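Chain naming follows the written order as A, B and C, and within any one chain the residues start at number 1.
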Amino acid sequence: MNQFLAFIKKEFFHIYRDKRAILILLVMPIAQILLFGFAISTDVKNIKTAILAPKHTEMMERLAEEIDQNPRFDFVGFLQIENEIDNYLRTNKADVTITFPANFENEVYSGLDNRVCISVNATDPNTASIESNYIAQELYNILSEKTMKGIEPQVSPINVHLMYNPQMKSSFNFVPGIMGLIMILICAMMTSVSIVREKESGTLEVLLVSPMKPFSIMIAKMVPYFGLACINLVSIMILAYYVLDVPLTGSLFWIIAISLLYIILALSLGLLISTLAETQIAAMLISAIVLMMPIILLSGMIFPSESMPPILEYISKIIPTRWYISAMRKLMIQGVSIQYALKEVYILLGMTAFIIAITIKKFKIRLE
Amino acid sequence: MKALPYLIHKEVLQFKRNPFLPRLVIMFPLMLMLFLPWATTLEVKNINVTLIDNDHSSASRRLINQLKASSYFSLTNVAYSYEEAYKKVEASKADIIFSIPANFEKDMVNGKDVTLQINANSVNGTKGSLGSSYLSQIVNEFLTEMRSGNVTPKATGGFTIRYFYNPTLNYRHYMVPALMIIVILMLCGALPALNIVGEKEKGTIEQLNVTPISRTEFILAKLIPYWIMGLVLLTLCFFIAWLVYGLVPAGSYTSLYLGALLFIFVMSGLGLIISNYSSNMLQAMLLMFFIILICNLMSGIFTPISSMPHWAQMMTYIIFPHYFVEIMRGVYLQGNTIPELWTNYVALFLFAVVFNGWAIMSYKKQV
Amino acid sequence: MADVICVNGLTKRFGDFVAVNNITFSVKEGEIFGFLGANGAGKTTAMRMLCGLSFPSEGTGTVAGFDIAKQSEKIKKHIGYMSQKFSLYEDLTVMENIQLYAGIYGVEKETMKRESTALLKKLDFENKKDTLVSSLPLGWKQKLAFSAAIFHHPKIVFLDEPTGGVDPATRRQFWEMIYETAANGITIFVTTHYMDEAEYCNRVSIMVDGKIEALNTPKNLKEQFHVDSMSKVFDQLARRAKRGE
């Protein structure tokens, strides 16, 4: 046991001596969670709207004014000729343009008029379909009010209740994802590099000929980084709760327990990478760059995994972050009890065990 | 400059002999271009609806049938009480609870007000709001039809909608040009940085410092291979985009290559700065990782810049990949020309000058 | 003979720490100059200043006729350098390494071809020319590194503990190469730990705590300290050292 403690102490000194690295490791997650927590969002707002009307009438003016007053839209101007639509959309001066037919003024808008044309820059299809939806609704409301005077606006027969996130904050959706992403990458990078560095400098040989068991060496490598990751976890949670207003509705015990499990998984992933990589460069590139893209794209952090083609949806199932994010969304935001997140817990446990098993096997082969 | 070809030759040989790097440089763009674009869709579909039908009338059944006909929803569950339905949401078996009140048909026939209840899980805000708004539209259409007997206006209010530049609303066409940026962002920045710090850590840089090669020669020898690599990989990406996704730029390749060249200069300059200020590879990689992650998530590649809060939008002015994103998407999809995008080119050029100037200034042969 | 290295009052400070303290000496052309000192005595720092890797805090010096503070890039054209820590790229072959260094110093292609063939023959390396340096034994690497360092016929070659970690026979072979090089008019500036090697030098300086405490031929030094080997000379001087290892 004394040996083991001495070894952990050595690992701790390695980390502690490199002040610059430790600073980056502690500050980076904080900066990232703040930045991404606020900035990453798919809300569609400030839609730049232009109107092409053959006659610049009072009605058009009032329409433009109403569009501009809606916080979702920014009215950018009237167009004169058809050609300008392409010009405005192409140079991003407008996101959406509305074209009215020549004799539009005289008619009562019945909701059946397909001569009113909405042109959307569909470069980003998601934004485009949401934009066209919003503008169509807005236009429908304004026009039916304006042209069908006398008919009182109906009380909506539908009562919509947005559960868990009534203010529609993007951070509720993205913060668990960002947590999952940052933690796994940092943990995997730290452990893999720390071992491969010893491999490169030859000190790992020295450790391997010492009476310490390979398994203890691995654990000792993990302990200090586990500590560091815990500090990161605490700082991220505090920021998420107090600054980003992400609720911690569910059991705090389980949120932390699952996060710790996830950290262990990420650290063992780092160990596994270190058994595969021979050089520091390889270890770093695998753990930071090669892992980063599949995690961002397949974990469900940004793109919902249920909308993916089946093959990728299956692949996404082997990405631990996907299960962590899912568990965190359930526990932090929805606040459901742990029984609903047990599946995720079991999968994460299984993955951890699997990774550790392979790592030990690989590590032993090295010795022979 | 006579030594330059020898130094470049050395870099190429070392790169080729590395057991890992050549594989990474080929596999990474392939993974990014062949598989991952299929994952990128923000389309909301398969919204699971749990239904509480308290009326069990012919009207309610007709409404339910209209729901079933919609491609957005799958009616997976029927519940008999709100508590039961709520449990399904908690267990992630349902995204939306839709309740039809008792006496729905009777009240409607008698002209009384009816209220239908939608409860949407909005952890994912977009999904929640889109789901409930689609559902509301279907219900509204149904109600108008019932009341007036008329044919109803379409969900879009009957307007003609024209989608420009990406008429099939293909999300992959939107993402593929941006993923090409990630290839350059990651490889042309991280590799030269790690390369130089690697020589520092091994001490081999000392050996080069006692030779008469100049700073410029040394740096050029380190960077030129990566510049060429970046352009070759980009060409490979263009090819895959055409072959696999049928995507060809609406604008000219010249404007793409010009942007790419400037962007590669910016990235390699950044890599150099980082290597000059790091004393070991771990520091360099952590810094690079930090910057790359910010660039990935804040330059508008995955989520639109216009959705960010104002201060974050201001920040994107210094998140330089954002300019290249504008160029790539603008040229590929909107057919923009260099004069139309000139601000982006100028911005990239300025970043390239500042970063490379800074890099050369901060590299010291003698301390 | 002319002085190729001439140093006057050279000092290097790192904060409060004086690594090299006011050293003055000169080295003649074609001389084998031994630069001795315990670990941390300041040898490497002094050598780094001479090679133009480090700015002197005080004092002046010239190497091959150029000022070490202002003309370091010019100096670099006329020196060769080999260190124990690193000298060759392990992931390049023997031939590729020679070509690289020849190319860096602007040796003409024709000359390079001719001389590299001759060199490989002389070292008996002909069948190893496409072998990666990483798979060569240490002694071979050192010989090759030395050959690469003098390939461009520099005026002076700096050797930083060139023979660390090899057996006495290989070391002797290495010193034969040094003698041959010196005979061709190249000045050798060598640091070493091995006192038997110090005996081979024309002149030896011994640094203690950043200062040069003794500088003379091995013979004179032995007489001066009334001992029969350089090792004992060194022991006497090193005992005065206050800096720890």
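Operating definition for what follows: a contact is a pair of C-beta atoms (placed from the backbone, for glycine too) under 8 Å apart; a residue touches a chain by one contact, two chains touch by 3 or more.
Everything numeric here is computed off the predicted structure, so don't read it as measured data.
Chemist: Report the connected components of the chain contact network with subunit A omitted.
Modeler: Taking subunit A away leaves a single connected set, one piece.
Chemist: A-B versus B-C: which interface comes out with more C-beta contact pairs?
Modeler: A-B
Chemist: For subunit B and subunit C, what's the span in angstrom between their mean Cα positions?
Modeler: 55
Chemist: Hey, how far is the Cα centre of subunit A from the one of subunit B, in Å?
Modeler: 11
Chemist: Which positions in subunit A touch two or more other chains at once?
Modeler: Nothing qualifies.
Chemist: Would you pick out the residues of subunit B that each touch at least 2 other chains?
Modeler: Residue numbers touching two or more other chains: 18.
Chemist: Which residues of subunit C touch subunit B in the complex?
Modeler: 51-55, 72-74, 76-77, 79, 81, 83, 85-87, 89, 91-92, 96, 99-106, 132, 158
Chemist: Spell out the residues on subunit A that touch subunit B in their complex, using ranges where they run on.
Modeler: For this pair, the touching residues of subunit A are 18, 20-21, 24-25, 28, 31-32, 35-36, 38-46, 86, 89-92, 110-130, 132-133, 136-137, 139-140, 143, 155-166, 168-170, 172-173, 181-182, 185, 189, 193, 197, 277-282, 284-285, 288-290, 292-294, 296-298, 302-309, 311-312, 315-316, 326, 329-330, 333-334, 336-337, 340.
Chemist: Where on subunit B does subunit C make contact in their complex?
Modeler: These residues of subunit B touch subunit C: 2-3, 5-7, 9-10, 13-14, 17-18, 202-204, 206-214, 365-367.
Chemist: Using the touch rule from the top, collect the residues of subunit B that touch subunit A in their complex.
Modeler: 18-21, 24, 28, 31-32, 35-36, 38-46, 89-92, 113-130, 132-133, 136, 139-140, 143, 151, 153, 155-167, 169-171, 174, 182, 186, 190, 194, 198, 278-283, 285-290, 292-294, 296-298, 302-304, 306-309, 311-312, 315, 329-330, 333-336, 340
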